[in-house]
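When the chains are written out, they are named A, B, C, D, E and F in that same order, and each has its own residue count from 1.
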């Protein structure tokens, strides 16, 4: 008898029960202010992962040696932001309740808020590490509080001062930089250096790790809605991920803002696939 | 002294005061369920119109001989549908109050609702002519009432049975076709034939005319989010527009669902420009 | 517990056991002489089908009312044509043995040969209806017998004179047209007219129906390796499919030569999805 | 010993001496006012012709049975229009002096002027048949007399009233249509009908036949700088070419305004290749 | 009353009277020898700038704090190089006469000549700093003196030996490198190092600063007609601009050779927007 | 009399007899497992080379000063791997017999095997230097021995242990890395450092040098079927090529895996052209 057509990220073929990490996608981009398209990211990453190896020569580890489950994409209705965030929180709740690690693939950056709400419920002492080109610290965007451009500010509403650590930031309103400097978040501009300095403070804390892929330079990652020149390269990102995963207690994470159709060469999606692989492997002890 | 950089649709350079028709854009696509991108349409149409002539050999009329004002695009926040519809209604209100004809360029089809709400205020006996590939008659879409897929149903909520006339419809849920047949709307499937038959009923009524450009076949108009094979060609659309404009009392109108980046040849945007020109000319007595 | 990520053509969610029709993909294009890329077609059709409705206003039927199973794509090795054809035959064998109808999605046209070999085994009196821009009757192509350009000739090797009926042909070597005229195949050039005339001869025979989508005009279907101007439009193809399915005994069928990346507007893939839907519905009594 | 890499249009492999027709390309687009790119047309047509058959089922003729020479592209300097036109005239002079038919592939439409100047030298009684979406009858364009938008007006300067026959025209300044109607040119708008009526007048005259491929509808030919909806389809163009070639005395001809990179599906270039083939075959007695 | 649709570079909304810097575009590319398309750059930069912030975290300055006027694009006729250069000179003359700084956005590199002619009139002791991948020192190109490939040579005709300082050069005829070495220009090959050394010589001189964006590596800037591997990255360019602007007396400047349609990801246009912002901010004391 | 249209790589216009190096293309990609398209590389490189200078400022050498012959592309049948490899070997044999250096442009990486078979015949002590992102050391790929993913393993079958030197490798099955480490090949991972160390061992040996261009980072070379982040930049590749060519005895070489249509900006093809130029110049004493 013939089987159904199952499509998962490469090497993520464990059963849900045995899995330590659970992938899921949130194909949502309704608040994107400039160029939409991140809704296609999770399906593209899953689909294009078959051009990738399961083995990483960087970490000398193989996805086939670990237990990861890919639960597919949430079915989200465009145009109702609150419902979307609720659905993301619900899925995260289930995964956390079963003592697995939620690994969310966006979608636009606002999806992080849905996951953080849920993770914070379980881990009230949550800290957040944030890689991004953009500060995302606006209090509102054209009057709207639930916007991708406000997502870390909304997270700050939940976790408060001194719990958010931002790296790679090179774009934002002047007021965002000023607000951060007032002590609300730790912000390292332009690149991913200085991670060691913050690790001391959070090594025994539960950490949510959110990576906006536009932290990368558009030369290696043009497939994103708002490309910002002057970003980091793939190896720098890879090394930072490995360092953070090995020295902190990650309890939830995400990867957002790939917009696959903006880079029809496919190189951006291929890079995102490799970041997923390396991220998943770095999360293994 | 040097002047500012003003960008209008070609030949629409009257002052607001003298204008009979007022163009405006609503760059919104947050409820689009499949492929977003119509937010770029109004700017693209305006920008690419400079490759067009102001003269129509079809109607032997020239835009330069009429008084049209292009008031640019609304500034809309993505992610809050109600606010967006309100802004569209407000702009329409102003134009109507000054006894000018509002000519809205989308964006996705939901923007029509904002304009219809306003026009209906002034013309309670409003009838609607609707060209589209899709019925857009769902009561909700994944639980959401304010979706592009429900826009004519929402209009029906406002105007009631027998006031909506649909042409070219070739896609939808079975239930939409059944609901229409129950007498809620008049629906002519597949093409634009039979317009004469309905004109008799509405020739003395105020009419809102909404054209979803995906009524066209994807061969001549691939630049749209949900291309549906089996549509009409440009000449058929042109003739239908001329017939309707010359034999009914149009009090408001729109053109929606161009997604310019999906057709990088530029042919879809060029066609939309030409439809705008011909539509504007057909509206002149 | 969360479920796996299953991806099927829309509305094809029956179990294998209950299904009457079984879809499968053969992502192969190694013998393509001009522009490869049909290997991506079956996955693209499946993935993009979620932009489609299950209901056809043309046939007033709904995929949800029928039992169809989508068994996904074969895993094929590029560069070894014989192995590929064997794998296609094996899958077809299983489906036929279980008294279901095999519905193959290519891939390049050579995949038809794998299916025909299997179907002919079960139905020795097999006749073939062939829609295509190209005659595909070369005896060899640069010395190679197993080429997409020879696939109907290879089928003729199996079924012999008077059993192949070709429509829409408008490209080929002069020798192919001459060879056909010598009585080896029935060929109707340029369009799909005259189908009625042949239906009389084959209405009680088992029929394999192979559609090379490049029979369509490139205006509606640019997404194919060798676009040939002067083809038929979507409605003509749709009507021909309905006519043939309703008046003959189809025992196997395929749809080939979509090359999705060649039409980045997505209109060609969307059309192919609609042809699959209409074809599946037309096969239902 | 290995041979050099010679690239010609398919089936055009006669020696210059034996050839009846001589192809040459003029890769020039400097006066294009909207979107440049026709400079790439002649090389693209030559290169992509290898995806074409030499045999035409429409005319039942084969390029291999005739003597045609492809002399490649002129080396033209961008930015100096007069030099470019002189180079085209020189090449045309050589071909005419050797009693061969010059077949020019543009480039933008202005290249026609270079060829017409030369052909008129040999045939003072020259008449011109012109297929185009655009009238090209402006006296100047932004003050410039040598512009693609003025090319037929410049030809009229040379041949005078009653010698230019225009078909398919659907775009232009109002003044161009008025000027034509004053008796300067014969103009048939929108399509290619009524050719028979003019053939009577010119059947014994020397004719230059210039085809701007944008006479085609953008659905089948999006790869052109200024696509104009409402054009003719491939079969209509093909039939018109065959009719004109068989009933007039063509002494020079050209095909212009393909802009291959604007249609990355390749369908426009493939169509242009087929028009070249059919045109070449139609020119054979 | 509704206002007109004004489109300027973000943050450049001063009146002409109060402005210190005046932007203008020269959408011209007729002498481009390889791939045209820079004519679309100035409009694209203006349009896409709305995806940018007005604040620079690099310089901690905000465009909103300065007085800049965007006077839009010149209306240029393609095909007549002399007229185009004259129009550029005229616009520059006006700006200089009003004691403002002209900031020109190309177009191809030849537009620099129009601006330099005007600036030199006012500042006879003008020096030129030139960032580029190409030497642009040919005396003629295929016999033509007014070509993008000769633009610095034409500038040298005007300013003479020892007044042109070239950086980043990595492509050209051998003769161009030899000619430069003979003492005609200062040339630093491959990158932007060594700027300090020349600043000493020109710090009290009036300087025209021309940046051909292809000085950047194609990895971060593929959207240009002739991409040359081995260029500099964005941060290097940014630092060099800041250094030069802060230590010399810039009296005119330009940014040329973006060809936006060649990079459909939009990353090249986004980078160009950011260079404009940083350049404008660096020019402020 | 007019001449034929000859198309060669720029500056490669020597006669075969006088040439020291002979270029040829093998447009083959049938075993490509992921995204095909390298079949278009050799023609694209040849065609786009006219945008390149013959002079290299890096090496201060000019192609015009050397004797190189471009013998065009082999005519290869897709779908029969053995025949294709034989044709490549035959062409290589001829070139070697005439004491010239074969310079092969792929096509996919498997084409290397055809050339190596021939070169090994003449030079039994052959060593191989291999630049690549992928190890290409699988014994089979989905059961197939003649696959691009196995090409260096097949070469190893011929030359044995200790004769293959791999650089830049960053992707592969775990087993490939293990197998290499067992002493079968020398492998330097991730970049091109450490070349000096191996040069000592092979400086008096005949060397075949194969460059898979995906050794480059996708930021500078997105136009390849399987882009692998973390690669080297152009200058590193250039320096490595110059070092190897100047210090070893190259007796054959190739450049493979450009897939030009995957990078529609043209930057990847332009880079490949420049690598060909620099490689050719580096091979000159």
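The working rule: a contact is a pair of C-beta atoms (placed from the backbone, for glycine too) under 8 Å apart; a residue touches a chain by one contact, two chains touch by 3 or more.
No experiment lies behind these values; they were computed from the predicted model shown.
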item	value
Co-neighbours of subunit D and subunit C - touch as defined	B, F
Superposing rotation of subunit A relative to subunit C, computed on C-alpha atoms, to nearest 5°	180
Between subunit E and subunit A, distance of the C-alpha-averaged centres to the nearest whole Å	38
Whole-Å gap separating subunit A and subunit D, where each centre is the average of the chain's CA atoms	55
Two or more partner chains touched - positions in subunit A	217, 219-220, 263-264
Each pair of chains that touches, named by its two labels	A-B, A-C, A-E, A-F, B-C, B-D, B-E, C-D, C-F, D-E, D-F, E-F
Complex contact set, residues of subunit F against subunit E	50-51, 53, 55, 57-58, 62, 217, 219-220, 233-235, 238, 263-267, 270-271, 274
Complex contacts: residues of subunit B adjacent to subunit A	29-33, 36-37, 39, 75-81, 83, 110, 141-144, 146-147
Residues of subunit B that touch subunit E when the two form their complex	1-8, 16-17, 22, 24, 43, 46-47, 69-73, 91, 94-95, 264
Residues of subunit B that touch subunit C when the two form their complex	34-35, 169-174, 177, 189-190, 217-220, 222-223, 226-230, 262-264
